[in-house]
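Okay, so chain A shows up in both of these, paired with chain B first and chain C after.
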Partner chain A sequence: MIDLVEQEPRFFKKYFSHLFQAMQKICGVKNIEDEGLKQMAIQVICCFAEREPKVFEDDTKLLRDYLEMILAYMIEICETPDEDWEVPEEGKRWRYLVFTNCVLSSQDIWKFSLKRQTILVSSTAAVSSIDSQAALANKSC
Partner chain B sequence: MESTLRIMSRLFNYNAKQFLEHKKDLYTVFQKGLEHEDANINAAAIDTFTSWISHTPSREAKMYQDLIPAITTAVIKILAVDEYQVILPLSPSDLTLNIREPIRWVT
Partner chain C sequence: MLANEDWRFRYIGLMSLSQLGEHVELNDMTPVIEIASKYFKDPHSKIRWAAFHIIGMVAGDCQPEFQTRFHQSIIPALLQSTEELVPRVLSHVLSCLQNFVEGMPEECTPPYIEPILNTVFPIVQNGKFKIVRESGLTVISSLAEASKTNFRPYYEKCIPYIYEMMKTYNKKEQKQIRGQSIECITLIGNAVGKEYFAKFVPEVVQTLLDITKNDISADGTDPQRSYVLSGWQRICVTLGEDFIPYLDLILPSLLKLVEDVIGNAPQEDNDYSEYTMPEEKKTKKERMDDIHRVNYNTFDHEEAETAINMILVFINELKKGFIPYVEKTTEIILKAVTYTINNNIRERAANCLPLLLEAVKESNYEFKDQVLVKMAHMFIGSLWQEVQKEFDPDTIMAQVVALRNCIDVCGRFMTQQELDDLSSKILKLLAESDKRKTEMKDMRQLDEDEEDNHTKTLEQEEEELHIGIADLIGVLFKTHKEMTIPLVNILYTQVLTKVLQPNMSDKLYKFGLYLIDDMIEFLGIELIPELWKELSQVIINFANHKTSELRQAALYGIGLLAQKSPAAFGDIADVCIQKVVDSFKIPKGNEAEKLYQYSLDNSIATLGKIMDSHSNKVNVPVLAKLWFTHLPLKKDKPEAHQQHEMLMDILLKGNASMLLGENGEGIGHLIKIIAQITDTKLSNDKIQAKMSQVLKSLAQGPTQALVEKAVVGLSELQKTRIASLLKM
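Right, the complex of A and B next:
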């Protein structure tokens, strides 16, 4: 699927919402045995975002949901952001691929087509959403 | 049906152009494969479908866009029953699973 999105991103444009929802569903699963699966789901969207940034530019909710997906996955990997996030330990590099691949490279590409302000606003909204979800979860505990 | 789909998937690597005459039949084959109750057949259909699209000119591939929702549904279904044992929160209307054995992934 990743290869196909990479090769033919336009093919998915019309029904991208279906693809996005499916990947969102995979990322939303709590007890997943194969951690790489979530990473692959994010990579599918990341590949598309790199090739068709306009779709995200036109739909800020989609952008927010995407950023939320990435941030939630990052927190799931390591709850406390530390130096490892920037310089991962040997052998743990794969865990941070999602950050470097999806967030940094995407923003690098997007800055030409998406206004930085849009990314900032969407990132803030995504963080707030994750924060309120965590607060809700803590309350129920 | 699973084996046929797997063989077809490999055949596209050699001469996909010959299959272009049968593009409408292929659409039906993919659709039936993706909607089949056996998840192994769904997996084979996705494999064949992705192979076909990657070997088909974009202009010709357009008619297969309608199958994307069926693909995403099949992906979720496969993950819910495969060797990873991913338990996805499927809504009752999503699918009815009737799987007797784990998915056999072809690598």
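Right, the complex of A and C next:
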């Protein structure tokens, strides 16, 4: 899917809302065995955004939803610091960061083509939404 | 997110903030920096880590503005944070400090060198964890690099311990830190300069040779390798011609490495058809996508590329000292210029050619003039052969720049016939680039996809190439003057009229303006009298363009018109002056600060040139006041040197009251100008000597109080600069 989107982004332009919803669904699954799957779902959208940034420029809700998807995934994969993290063994300097950096870089790759104001507004909206969801989750607990 | 009880939310909130600096202005990041600072002492180790991460990222993304504005608060906070107990976080504090220091302007560094060394050096010496010691060592490297000669009082204290690491850390697990010690010691040498570093050189060079010969594994995974290679380059840059005795120990192995790689590889006539589709079967789009020649990139290629880079540094630094190796190097580099299967190698090799010519030119070789011409013809022939085969605009650009530089080094060396041949080739190259650009534009329109970024990028690359070709043509004007008139006529009738039409891209306008500037500068009104009026009009039309780069080129052109056609300029002086005056009022908008400042610098310089060349025809006192108010220039080094020297000359020649007013009202501004440019790239020894003279004369007599009052408002660093000029 990533390759297809990268090679022929225009094909997906017409059906993008379907593609986005499908990827959103993958990221929304609570217990998924393959950790890398959600990351790939994020990457599919990232590849599209990189080639067709205007789709996101024109639709700030889409941008907000995508940011929210990334932030939620990042929270999900956060690991509690253990001794291995705090006092790394030789040769394991960067291991823990691999996941988080992957996601951060996917934010990074496409942001360059978006206007500054769009980034700031959408980031703020996505963060508020994540917070509200967290507040709701805490309440229901 | 940052107020959330769950640490993960706070952590991801901070990590997301760390990414913003690359995409927004520093002003937008100021609240982010304040937020990050609040978390430096958070009880959760990952939150502290993320807070430092923000500072480290912003330090990289927003340098040097971030460093200039925040050094007084950030450095003490980071030094205090080295009390951190978690090794991972402590290492990150040090990496963050390293990022910060790396982007610091030299003049901000002096007050921090000692406190940073006092805190970080003990960590490098006694730290329990390798990750922490390694990060500490990079802080010292960056500190030396940023502070340059300001590091001199400290280098003797640092080098012996770092040298010990370099010499004795030979275990497998010590390779990384040993590599970093090589980096650190050579950066310190580079910073403090040859005279200071000299006493450590024999030992450092010997140890580096031992490591090169005996301690680097051949499989390409040894982290020491890249440190050793860049270490040699730094030592060469530091020692200059004193490096010549060591060249024999290093260069032969580098040349052999390049020769082995390019000699063993399949060349042009090899059959790659099984990997590629036949050209005739490809669609237009496939041909467009396949603009790169078959390009293989292996570890060997990277090694050869690094080796060519080192050779380039050696030739550039040693110039005539490289003479004994010119012949052998030329032979190998020329092969590399035509090396089919790796474009990086072709590009790097092309960069070496003008430097080889320079080495010969500077030598005392008896027949150097003949040799130079022979080599130039050989290099130009070889480069043209490649340019014609090349499809990648980046590589063509490197080859065109090499061609330009080869001609620039050799000067006037072609016959009329040779020049005409070269001119036709250049025009053909321009036409081909134009054709590719049009094809890409058509393709976008055919696909009804105006937003196809990939094709747009390729179009922009072609336009960049146009500008490179303009530079190449410019050097022909410069070196072969009247012999280029046939070329000028073709360019004027067939090229300029086309690219300067309305609705063309900024890059094409820039290409056109560069050509015109070069015609005015190098040919002058004497050689192209019939074109002068039209060319002047184009320049004037662009002088208030909204795009900084175009404005800059046009304003520079007006300055040239003033200097190069004293008689003809009289008719257009008023309109030119008005354009320059109006150019100061054009707002920055979304333009990059650097480009905008370059344009402003050229507005100031052009005023100065008009005043200087036409003092009898223009209202000098009015222009001088405007010129003085906008000084100093801040980015354009050559223009800054010219204008700042002119300022001092006016003051020294007794015309001070024109600029400073009868009662010395302008002294405050003058002191600010002097304080801002002293010991920076905007000044030089000659200007500093004149500034010292001006300052000394103003600091006594009736103006003394005004000077003292002006100095009070300066920063500590600026006060030091003024004091040192007064002592000169």
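The definition used in the following text is that the second predicted complex is superposed on the first by the 106 of 141 C-alpha atoms of A that agree within 3 Å, B and C clash if a C-alpha of one lies under 4 Å from a C-alpha of the other, contacts with A are read in each partner's own complex, and residues count from 1 in each chain.
Assume a residue touches a chain if its C-beta (ideal position, glycine included) is under 8 Å from a C-beta of that chain, and two chains touch if they have at least 3 such contacts.
Everything numeric here is computed off the predicted structure, so don't read it as measured data.
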Is A:Arg10 touching anything from chain B or chain C once the two structures are fitted on A? First, second, both or neither.
both
Taking the superposition as given, does A:Leu71 touch the first partner, chain B, the second, chain C, both, or neither?
second
May I ask you to decide whether A:Leu37 touches chain B, chain C, both, or neither, giving the answer as first, second, both or neither?
first
May I ask you to name which of chain B and chain C touches more residues of chain A?
C
Mind working out whether A:Lys61 is in touch with chain B, chain C, both or neither, as first, second, both or neither?
neither
Regarding the shared-chain residue A:Gln21, is it in contact with chain B (first), chain C (second), both, or neither?
first
Which chain A residues come up in both lists, the one for chain B and the one for chain C?
10
Per the touch rule above, chain B residues touching chain A in the complex are 46, 50, 53-54, 58, 61-62, 64-66, 68-69, 72-73, 75-76, 79, 84-89
Using the touch definition from the top, list the residues of chain C that touch chain A in their complex.
1, 3-6, 8-9, 11-13, 15-16, 18-20, 22-25, 28, 44-46, 86-89, 129-131, 173, 447, 449, 451, 453-454
What does chain A use to touch chain B in their complex?
1, 3-4, 7-8, 10-12, 14-15, 18-19, 21-22, 25-26, 28-29, 31-34, 37
In the complex, chain A touches chain C at residues 10, 51-54, 71, 74-75, 78, 81, 85-88, 90, 93, 100, 104, 107-108, 111-114, 116, 119-120, 123, 127, 130-131, 134, 138
